[in-house]
Amino acid sequence: MRDQIVDDLQLRIPTVPLRLISQGAEALIFMTNQHPYLPAGVNPCDVDNPGKYIIKYRPPKPYRHPKLDKRITATRTSSEAKLLHKLYQLGVKAPKLIAIDAPNGLIWMEFLGYQLPDMRYSSLKNWLWLLERESDRDHPVALADNVKDCCNGIGRSIGVLHLHGIVHGDLTTSNIVLTDEATLKPSLIDFGLSSYSGLPEDRAVDLYVLERALKSTHPVYAEKYWEWILDGYHDVHEEDGKRGRKKYSETISRFKEVRMRGRKRTMIG
Amino acid sequence: MVDMDAFAKPGKPYYLALGMEGSANKLGVGVIKHHLGPLDENNRAEILANVRSTYNAPPGQGFLPRDTARHHRNWVVRLVEKALKDSGVKVSDLDCLCFTQGPGMGAPLQSVVVAARTLSQLWELPLVGVNHCIGHIEMGREITGARNPVVLYVSGGNTQVIAYSRQRYRIFGETLDIAIGNCLDRFARTLHIPNDPSPGYNIEQLARKGKHLVELPYTVKGMDLSMSGILEYVDGLAHDLFSGKKSKYLYDEEDGERITVEDLCFSLQENLFSMLVEITERAMAHVDSNQVLIVGGVGCNERLQEMMGIMAGDRNGSIYATDERFCIDNGIMIAHAGLLAYRVGYGNELEDTVCRQKFRTDEVYVKWRDD
Amino acid sequence: MSTVVSTATSSATPTPLTHTLEFKIPFENEKQSIIAKNSLSPDPLLKPDELKVSFSNDGNVLKITFRGTSDRMIRVAANNIMDNLKTVLECFEVFD
Amino acid sequence: MTYSTLTLPQFPHYRIFASLYKNVKNHRQIRDGIRSGSISADFDFAFLNAANVLSLEQIYSALFRCFVDKANGKMKANTIHTELISDMSTVKNIMEALTKFGIPSKGDTVDLVVLKVLYSGDEDDSGDGNSFSPDALKKISGQLDSAIENDGAGGCCLTDTELESTADLHKIRKNYKLSDLFSEDRDRLNRLLIGTIQLKGL
């Protein structure tokens, strides 16, 4: 069936070479070297990796009524695209929007990331795993300053999102990528479950989900990583002044509550 | 491997358990038989009796705890008698007596546990308190042969997406407000359609005749969902329809025909079930499973089964569902899950048999599975 | 079955559980009386500060004492026990 | 060369004639002619006020949007050229889009980007005979050169360098309603415009 979906999409955009890189419940993620509207030789401005683009495709769901299906696909696709643009406006590092075909559930965006020394993709997960393999008691490279800075940066990104009333909805170490080998600047990706929310509960759950993901995916150093992420999260709220400080304390006290409840989504990550 | 026979009676090649269920408006009693050794396709549980009595409130009303408890008290002893007779089992041959400890409505739960306590002392049998949701899940697995499915549990009081991991049935998604069955029941009340055989069944029949899809709110939040806003909205549409309003939204935007009650039932089902299938699929992707098991009263709905089947098919997987004997609350599932627990050493002292209205699925340590 | 209702009137008594009700329920034998006690007694009360119920066996007689802040409190609890008692008796009738 | 042809990888059957006419003097006449319908029917182009155009990428982005909407049956205007002008704009109302992003009414001289959508040979589903061929391009270019008065300079090739000289950042800020988001950084500004164009009406 998955092949059928890929074939259908390929038929819709026959001139675009597609490479499937992941499949979730709702969308398929493809990589392509073909920009949707710029001919070869014309590079888009201000993207990290010209010549590499991501296509996110929400295929039709045949189980639901076609009318409902169209409505859901179009609204989800356009709200995700809008969010990507909003993040660009806000200066939050995230994949830049290139194009959208809402009725057909397609978003083109910038590809972020690079290849790690072990040939894997530079998701935070893969990078930390690599460092954790190389760590030993005398040289815990997974706890080096560059990891600390990176975690701070992640915390700051999440903080900026929250300060602007946006929750990511699915924070895991796979949904955070390093965008640059030299600076290790992190970026959040996959905003498919993101939403606007002013509720401390939603922000707290956002944090909680990431903490769980860290603990299950990186059990040895999770505590340190999490401490550094929270530091960055705290700093960016602090810099926002009184409003930020208030928001921070609301979120954190709710976060502690959510942690106590600790009953849900225990397998995330 | 879990030793499923550490507590077997010497020389007896099988187990027998009687189960009693009364957490909502159905009272059920069942008798089940397990043979020694782990259950598998060559060693299936045997259903020896499965009897039920349903309390139906008058049209336009929901069942109240007090009335339901009275119904259960009136019938519980007679139903136990009937189940024993059907099964041909002698009381002295039973190994344990299982009862629903929760979750559910307090008064009905308590009305049944009193009978269970008395009988366990009379017959000198150990009591096993069973989580109602676990009962559904284990019975569903046994009947369908699904090994490790993502479970959608949909009933009058519950809406949960559950998957097994490390000795617990964990809740991945659930309703943030009302349960799906409750939502359908309450809409049936708005429409004043009969509660017999069940409000949900009657909505399903009406929905088959609907042809216009009316736009309703669609409220999925990750793996959770919310239904109270949808109910409020569709209730409002129904009231406007009955009061003869001529507003534009009461006419189909394509053919201009007036919306009917059937259309509302159809639209409500399509909308709610799409949400359920969506969160189930998300959980399946999350735990990397391609089996889905639907349990609970709403699981009988054929449209829901059909939609879930299409989704599972698209994931190269399969759907497992049971018929009304098992998806609607029953005593046999309590007997079955209770017996599994009994076989690995679970049992409740009398003072430990208090019912718990909010007994969560993930509180139970599932000792009888080792995967 | 015999019932004794007494209402304390002394305002000097510090206990707020001013109302009491006592059931004495005779069964066919002591075993039944004990079973009934064990079946009825585990369930906790909604407002333990305002109502206390105690069970005791004396031969084939089960004694249930209610002490509460009002006769209404006692009535609700007593009704509930009576309802459950019917189930217990029916079990004896059919299966003992 | 006085014009270029644009192609979009995903829509290979379209060829777009593109040219930039600077210092146009008779823009009012052309505008009025189109509005009153007194100009011949085959004078069918998308005229854009070059002041609002920052880059080729912006134009490509609007073309993509236009072709996607056409393929989905979601075009709002009657002709593809009007749709294209509307897709360059931020406004819903088509008349308003034409006023702000089409041929301006003010100014002694204006710079105009001229686009015409052609169809490669056998894919011509327009029914209006706008098939692509080298001859057709020459004919179109000649048609424009004779209709547009700019001291005989004619059209020039549409490039980012040329557009840099004709773009008016103040107009862009105003017409794209950027206010606080506005940036002097052309790359950033460009992405803001592209996002706006892609998300218009969603």
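The letters A, B, C and D name the chains in turn, as written, and every chain counts its residues from 1.
The definition used in the following text is that contacts are C-beta pairs under 8 Å (C-beta built on N, C-alpha and C of every residue); 3 or more make two chains touch, one makes a residue touch a chain.
Protein identities per chain, from UniProt: A = EKC/KEOPS complex subunit BUD32; B = N(6)-L-threonylcarbamoyladenine synthase; C = DEKNAAC100598; D = EKC/KEOPS complex subunit CGI121.
If you're wondering where the values come from, they're calculated on a predicted model, not measured in any experiment.
Relative to subunit B, the most remote chain by averaged C-alpha coordinates is D. Distance from each chain's C-alpha mean to the overall C-alpha mean is smallest for A. A straight line joining the Cα centres of subunit A and subunit C is 62 Å long.
Between the CA-based centres of subunit A and subunit B the separation comes to 37 Å, rounded to the whole angstrom. Put simply, the C-alpha centre of subunit B and that of subunit D have 62 angstrom between them. Chain-to-chain contact here is organised linearly: an open path runs through the chains from one end to the other.
Pairwise, the chains that touch each other are A-B, A-D, B-C.
Interface of subunit B with subunit A (complex): residues 163, 165, 170-172, 213, 215, 218, 221-223, 270-271, 274, 277-278, 281-282, 284-287, 306-308, 310-311, 313-316, 360, 362.
On the side of subunit A, the complex with subunit B involves touching residues 1-2, 23-26, 61-65, 67-68, 71-72, 169-170, 193, 195, 263-268.
Subunit D makes touch with subunit A in their complex at residues 6-10, 12, 55-57, 60-61, 63-65, 68, 72, 74, 181, 186-188, 190-192, 194-196, 198-199, 202. Across the complex, subunit A meets subunit D through its residues 13, 15-16, 34-40, 42, 44-46, 78, 81-82, 85, 88-89, 96-104.
By the touch rule above, subunit C contacts subunit B in their complex via residues 35-36, 38-40, 42-44, 83-84, 86-88, 90-92, 94-96.
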